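Chains: A, B, C, D, E and F, in written order; residue numbering restarts at 1 for each.
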Amino acid sequence: MTLKLNQITREHLNQELKLTLLLTSIEIKSARNGKSYADFQVQDQTQKTTLRFWDYQPHNSEPELPMIVDCAILVGEYREQLQLTLKKWESTTQTEITVDQLVRSSRWNPEKMQGWLRDYYEYIEAEHIRELIQRMVFEEPFYEKYCTYPAAKTVHHNFMYGILQHTLEVLKYVKMVAGTKKLTQRQVDRLLAMTFLHDWAKIIEYEPVPSESMTVEGRMLGHIFIGAHHTRNMMDTIPNFDDTDALIILNGILGHHGAYEWGSPVLPKTVEAQILHQADKLSGDIESILSFTEDQAARDDQFTDKLWNMGTDYFKGGIT
Amino acid sequence: MTLKLNQITREHLNQELKLTLLLTSIEIKSARNGKSYADFQVQDQTQKTTLRFWDYQPHNSEPELPMIVDCAILVGEYREQLQLTLKKWESTTQTEITVDQLVRSSRWNPEKMQGWLRDYYEYIEAEHIRELIQRMVFEEPFYEKYCTYPAAKTVHHNFMYGILQHTLEVLKYVKMVAGTKKLTQRQVDRLLAMTFLHDWAKIIEYEPVPSESMTVEGRMLGHIFIGAHHTRNMMDTIPNFDDTDALIILNGILGHHGAYEWGSPVLPKTVEAQILHQADKLSGDIESILSFTEDQAARDDQFTDKLWNMGTDYFKGGIT
Amino acid sequence: MTLKLNQITREHLNQELKLTLLLTSIEIKSARNGKSYADFQVQDQTQKTTLRFWDYQPHNSEPELPMIVDCAILVGEYREQLQLTLKKWESTTQTEITVDQLVRSSRWNPEKMQGWLRDYYEYIEAEHIRELIQRMVFEEPFYEKYCTYPAAKTVHHNFMYGILQHTLEVLKYVKMVAGTKKLTQRQVDRLLAMTFLHDWAKIIEYEPVPSESMTVEGRMLGHIFIGAHHTRNMMDTIPNFDDTDALIILNGILGHHGAYEWGSPVLPKTVEAQILHQADKLSGDIESILSFTEDQAARDDQFTDKLWNMGTDYFKGGIT
Amino acid sequence: MTLKLNQITREHLNQELKLTLLLTSIEIKSARNGKSYADFQVQDQTQKTTLRFWDYQPHNSEPELPMIVDCAILVGEYREQLQLTLKKWESTTQTEITVDQLVRSSRWNPEKMQGWLRDYYEYIEAEHIRELIQRMVFEEPFYEKYCTYPAAKTVHHNFMYGILQHTLEVLKYVKMVAGTKKLTQRQVDRLLAMTFLHDWAKIIEYEPVPSESMTVEGRMLGHIFIGAHHTRNMMDTIPNFDDTDALIILNGILGHHGAYEWGSPVLPKTVEAQILHQADKLSGDIESILSFTEDQAARDDQFTDKLWNMGTDYFKGGIT
Amino acid sequence: MTLKLNQITREHLNQELKLTLLLTSIEIKSARNGKSYADFQVQDQTQKTTLRFWDYQPHNSEPELPMIVDCAILVGEYREQLQLTLKKWESTTQTEITVDQLVRSSRWNPEKMQGWLRDYYEYIEAEHIRELIQRMVFEEPFYEKYCTYPAAKTVHHNFMYGILQHTLEVLKYVKMVAGTKKLTQRQVDRLLAMTFLHDWAKIIEYEPVPSESMTVEGRMLGHIFIGAHHTRNMMDTIPNFDDTDALIILNGILGHHGAYEWGSPVLPKTVEAQILHQADKLSGDIESILSFTEDQAARDDQFTDKLWNMGTDYFKGGIT
Amino acid sequence: MTLKLNQITREHLNQELKLTLLLTSIEIKSARNGKSYADFQVQDQTQKTTLRFWDYQPHNSEPELPMIVDCAILVGEYREQLQLTLKKWESTTQTEITVDQLVRSSRWNPEKMQGWLRDYYEYIEAEHIRELIQRMVFEEPFYEKYCTYPAAKTVHHNFMYGILQHTLEVLKYVKMVAGTKKLTQRQVDRLLAMTFLHDWAKIIEYEPVPSESMTVEGRMLGHIFIGAHHTRNMMDTIPNFDDTDALIILNGILGHHGAYEWGSPVLPKTVEAQILHQADKLSGDIESILSFTEDQAARDDQFTDKLWNMGTDYFKGGIT
């Protein structure tokens, strides 16, 4: 089996490795001595990284990206970190490899995740709420995107199947809190529904992987508005959708960032909405610490760099 | 002609005055000596105030509010301010007086305001944008509410015709800035449209005057979301509504509070949206200073109390 | 069985009820007419409330508080809320009733809670960490206090068995997150240990119920310092306590408020510490919303008042 | 006619262009290979930019700056942006060209602006306030500086005639608001006066263009203090200057930044002062968005970079 | 010798005491039973307090305040605090008592303080700086006010001789820091000068004691601006006043609040100015803690109430 | 005598100087042309600086740092600042030079400082407090570290004897304030004790000079906790240590950063603790301004760069 990006270690120092990678962008730069070089953004399912290519000649025709490429990579070192230099690259001839196999992906099994998603759906009892989730999540043109899109551009769950994995984590947390605090079944129904839908609109806010861009609509309107807007309209297609449930679920979507300064136009006005907010934050923050610490595991220091969204560095001493 | 609330001055001290007022709420309180009294919230078109009624006996049947009442009011003084005590009251027999005549209202003429609103509409040139404003503003079931609802619960434009007056002020300001900064006609069209619509959803967020309450939908979802939601849906009923215009107008509505911490889920992303935000703030802030200073004009001090939304007191010395 | 405070409803209006209550303080006040009255702070296991007593005569000797008293209470109403007036009171003669039975208490069963606490202890595998928790929690002079003290003065878990219930909630949350995010056994050990100990020092910071006071030591040093200080000293009594585990557990205790401005002198430096902080906040915040909403359930409004620690009001419409 | 800096486009790629420019600074840098190069700051009336000069040899005598230079410029590209390299330069021999013709300037006609300024002056009716503005603005040694100095170092109106253009914008805005809100003539007089004077002291705080420096006095004392200080002294030279008008105008100058954290030592204490503050902010903010968007118009992206003073990026899609 | 306000203790409970006090204001209030009573603000040199007078009859002619009155005061208790009720009062016939003897005053000896002030003056060596302080401080029409005015309305040094005592404290602190950090003599000269002048303008910002009001000029312009303005003008009367010294001293006055949000329009730009800011804060904060703790010394609690300007309560246990 | 780092000036431009320096780290970097170079961190007792070494060849064995080296340094210039290039270096053969002689150190005499420290100790009268300071400061294993460790990593007192010099400054300031405000002897005792101990734990938080690192324990627990923890334990070894004194001294240590957001877990609850906080800040801030200004003295500008911890730049014009 071929080597993966996250398997390259100091043992490969000064070796030239062969990898098949997904090339997502090429940025051409000029050194001060007038020569141009290029930074290649590549990834496989385990990691994203940058390869420096010194002899880049701008082509007549730009390569069509993303492209699957076979690479020869020299493993060097700079400031105690591994540095990868691209020596050769060409469009792959391995026709059996697809883009989906090479985008950085959740470590969780996609099929299992879809099963678990269905399991949480089954906990909902109220018919109109079941119908809402059925139409918004489990039916096309939404379901495929919902199961594959990333949940962020950076920091956490910013990979294929990101919405799916993140939503499952939050469903798990909110259901446990609801049980502990003995919420009523109707509260649980609403809580699960708003959790299913809180990041739903990221299928509209983001471009699909391997792109890391937001759509123009996403940047202008944001997933908070887009999600509540589509949900409200879908509710209106369901006969006799209970008014109170509607307002509570919509408030939960609008309020899931938890505070005005984090982009929620209204605050969480129910205990369900507050549980969702905190469970969402918990899932995102913990994932960001874990993936950041892992990215910096190879370094020598006892602490990571400062993780910007958490505002602190992390101790690596206790991780075996 | 009968006396109005804002015409009561120190000259009436110790007199008993007859006024016809709109009674909007009665709050019963107990004094420590065990006797109960009541605070009556009343208004006429010039002012809202509280009358204390010492001999209140809870009725078998609560009076149906709002109710037009003939009052006998004793003018007293407490801590250098006039204090009004209600001596007698009864449901009026003057059948020609309507509730609308007694709710606190804009000083601007309602018919003229409707004419001016149409004038600003005529500055819009793009057909699809004209159509949007025509359907959202000038057609029922919206137009009557848009022309009569208040623009706030407290602080500024919290009176009948409040949305109308406030919107006209903002239209005037944005149009002038657009001219000064030489925006294109299409920018002006979008800027006028988002100005027409920025507080539109207050017809859903608030109860009509003389109520000062918000609707449950208003408290759970807010006029920012509701306005953008209805606008988006209305745009979708207009064939070939330009995508870019749609996003810019919607961003203008969502962003008109100007900052996350003031409840906008996205920031203003165009110069039009930023002009709207600042003109909206200018209209509201200046109105709040003027009406607050007027409320406190009768007092002796050289400065007003602190106006909470502006964070400071105001000098009354320069007002003749 | 006798009536409990939380069972008094509008149905009792104008009735005089007999209750046995715990009297915790008497505050004497003067009305403007020169007469003095008193506010009695009372509680039973379901609720705390204030009773007004109009005919209070200061005694030669102050009653020794807390005292169990038999009360005759008249149920009245003020501003749409029930108001309880104390008509008669005397020290109870029911000798079988103890103070512990009348202090406001967790609704969870104390014996079961002690069992669950032991269950979580059993998940810890590392011997030295087990020993630390054994000595700090399960042995005297700590265990009885740990199992009965409140976890706060106001807002949440401010009742008998408060530390116990709150700690169990947090243990449940952190264990589930640890499982979801696949932490190592040693990480789980440390996470459970810091959770057991994070509010341990409230047995020193607070007076026992029914007092609501903090000790002088608590106000001068705070439970964050006191807890870490005692933990460090206890670690030093355990031979070969692993240095890294010690630092991580202590950092978890010091950092469990999550931010400098919330009183943590260092930030959470491990993923364990961050999980603890968020689970702690989740437990406290959700409890505060639920108990506040319940306190205000009897009122007519569709929303509660503003809950100060959460910064917003809550919708009561969806609670059946 | 010669090419201007803002006319260079992709069509000139790889061409060598001749321009006459104002050279304002030379910064010598060393590349890592030991060779030195220089960054030349240049401008003409349309734009400021940086030219890189690779073969710079430090001269025995530094060139005296600012200097008018004839340049040969090679148009290249770097990261999708045009990059200008200076190939040759020499002090110009075109004796008819003056520095004033080459400094970046307002697009508004200077003579017309002076006429408009006089027009606004004529709206003032009170003699003592007219006299104040006459002496502070329209007489030397102030008038020439007032008509030519920039209103900022960066961000907005940071060009020749900047104070003049900015003041005219603000005069226009405040006059319209004053009319809409029906201020008295005396209020209008004071409002126009404080507007004329609010940035007056930038003629002392800044060096004249093309310098972008502040004076030492400007950095130590600031234009807020300096302006109020000189205005107070000038008022004292006018017999019987009304005390109330004096305090209100001075408070308007001191308070025009609108908040302590923006450098005002007192808050705006009149409605005039608050109108001035908001109109001032409106003029500056909108100008900064427009000029920043224009600077980035040539790039490919649909959004600008983040504009630091506004805290967000801007959508370029709606600008034709 | 007569009793002073700060000598009234629990030992006087239920006694009627005779004191001669300065009456500074009378506020008439109505009790709910319709009777009016009055709150008398009184002081002597040791304390300010409020006396309640139950039988107040509004006079035909308001008494001219401040007035020296002989009082009969009944000592009662309310909520564990002494409460003083005024039983009788009349304008004093003791002609030898002056207002100055009865206003709350510094405990430091006024004559000694004037001597010390002169001592600090003598540490200044540069002639032009000596001349500045001579004219601004030691000459009329300033000197008498400088030596008697209060340094604040509330919180600290809000008593007769307040500027004098506060300035002496700050002079002492800055001189010691300057010595420790080995500033040059010229730096010391400037530091002493800006310290002498930093609160100078409170002689214009405040009314003289016993008034606690600010002047209109003070509220509109603030002592920061007023002080720097007069200092700049006085410097201009001194031939050849060094420019650099002038800017540094003025920056020290403008910057002595230390931060924009505390009302300084420029930040301290020299080490002298920063020393002044911190010494000023130290003097004020410590004085406010000491006087607040003393005011609350008689209460039973182990901690004071929260002191608003410091944001915390204080422990009284360690004060013997 | 040999040249010191702070004696190198423009007069040495283009000369090659010989210095004996302490080499504390070597960081190897790659230029884009593929060649590697190294940045050498060096210091002597007067200054720390970076020397660039172009021809660095990674050795088989890393040099053992810190190492005393004889250097040949070429003085160049870059952007108006001196730039030092290392031409040759080798481990010194001057066996009489020790590391301690070459680490950057306080300018104050170490022996004298120890004498002064003893002097302040003698001001303490209470036996148990004397004993506490005797054991914590003047006895081993603490005394040597206390007298040599730095008080910070950057900004202020970040040199050998840093804790000692900083503590002496603060002792001087607090003693003077205590005298001015007439604190009792017991308050003075406690104030001196908490001052002696406030930064004591930096002997555990930091590595000794010339290292600039923090220990892992320091980063995980912080000197605030560590100091109070050890102090509490030491108090427990002293028979009959007064409880109130203990709490006040510990609160002073915990609260010496003065605010939650600066890392104090409790606020200063006594006037002693507040004096300590402000004196500590005064010592640190003023030192940071002085040393930063001195570092930038050689530059041409009239103002320094912005000093990050103070948030502003400083004027250099008044320093002769």
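Keep this in mind: a residue touches a chain if its C-beta (ideal position, glycine included) is under 8 Å from a C-beta of that chain, and two chains touch if they have at least 3 such contacts.
On a predicted model such as this, the values are computed, not experimentally measured, just so you know.
Peer 1: Would you mind naming the chains that touch chain C and likewise touch chain E?
Peer 2: B, F
Peer 1: Over half of the interface residue numbers used by both chain B and chain C, so same, or under half, so different?
Peer 2: On the two sides of the chain C and chain B interface, the residue numbers are mostly different, under half being shared.
Peer 1: So which of A-C, B-C or C-F is the twin of C-E, meaning more than half of its contact pairs are the same residue numbers?
Peer 2: More than half of the contact pairs of C-E reappear in B-C.
Peer 1: Hey, how far is the Cα centre of chain A from the one of chain D, in Å?
Peer 2: Result: the chain centres lie 44 Å from each other.
Peer 1: Distance-wise, how many Å sit between the C-alpha centres of chain E and chain F, to the nearest whole number?
Peer 2: Comparing mean C-alpha positions, chain F is 39 Å from chain E.
Peer 1: Report the inter-centroid distance (CA atoms only) between chain A and chain E in whole Å.
Peer 2: Each chain reduced to its C-alpha mean, chain A and chain E end up 61 Å apart.
Peer 1: Spell out, as numbers or ranges, the residues of chain B touching 2 or more other chains.
Peer 2: Counting only residues that touch two or more other chains, chain B contributes 32-33, 216, 219-220, 247-248, 251, 269, 303, 315, 317.
Peer 1: By the document's touch definition, which label belongs to this structure's chain graph: line, ring, star, complete, or other?
Peer 2: Chain contacts: none of line, ring, star or complete; other.
Peer 1: Chain pairs in touch?
Peer 2: Those chain pairs satisfying the definition are A-B, A-C, A-D, A-F, B-C, B-D, B-E, C-E, C-F, D-E, D-F, E-F.
Peer 1: Contact residues on chain A for chain C in the complex?
Peer 2: Spelled out, the residues of chain A in touch with chain C are 169, 172-173, 176-177, 180-181, 184, 186-187, 190, 244-245, 247-248, 251, 267-272, 274-275, 278-279, 281-282, 285-287, 289-290, 293, 303, 310-315, 317-320.
Peer 1: What residues of chain A sit close enough to touch chain D in their complex?
Peer 2: Contact set of chain A toward chain D: 27-30, 32-33, 216, 219-220.
Peer 1: Under the touch definition given earlier, write down the residues of chain D that touch chain A in their complex.
Peer 2: By the definition above, chain D touches chain A via 31-33, 37, 78-79, 302-303, 315, 317.
Peer 1: Please give the residue numbers of chain F that touch chain C in the complex, ascending.
Peer 2: 216-217, 219-222, 224-225, 228-229, 232-233, 247-248, 250-251, 254, 260-266, 269
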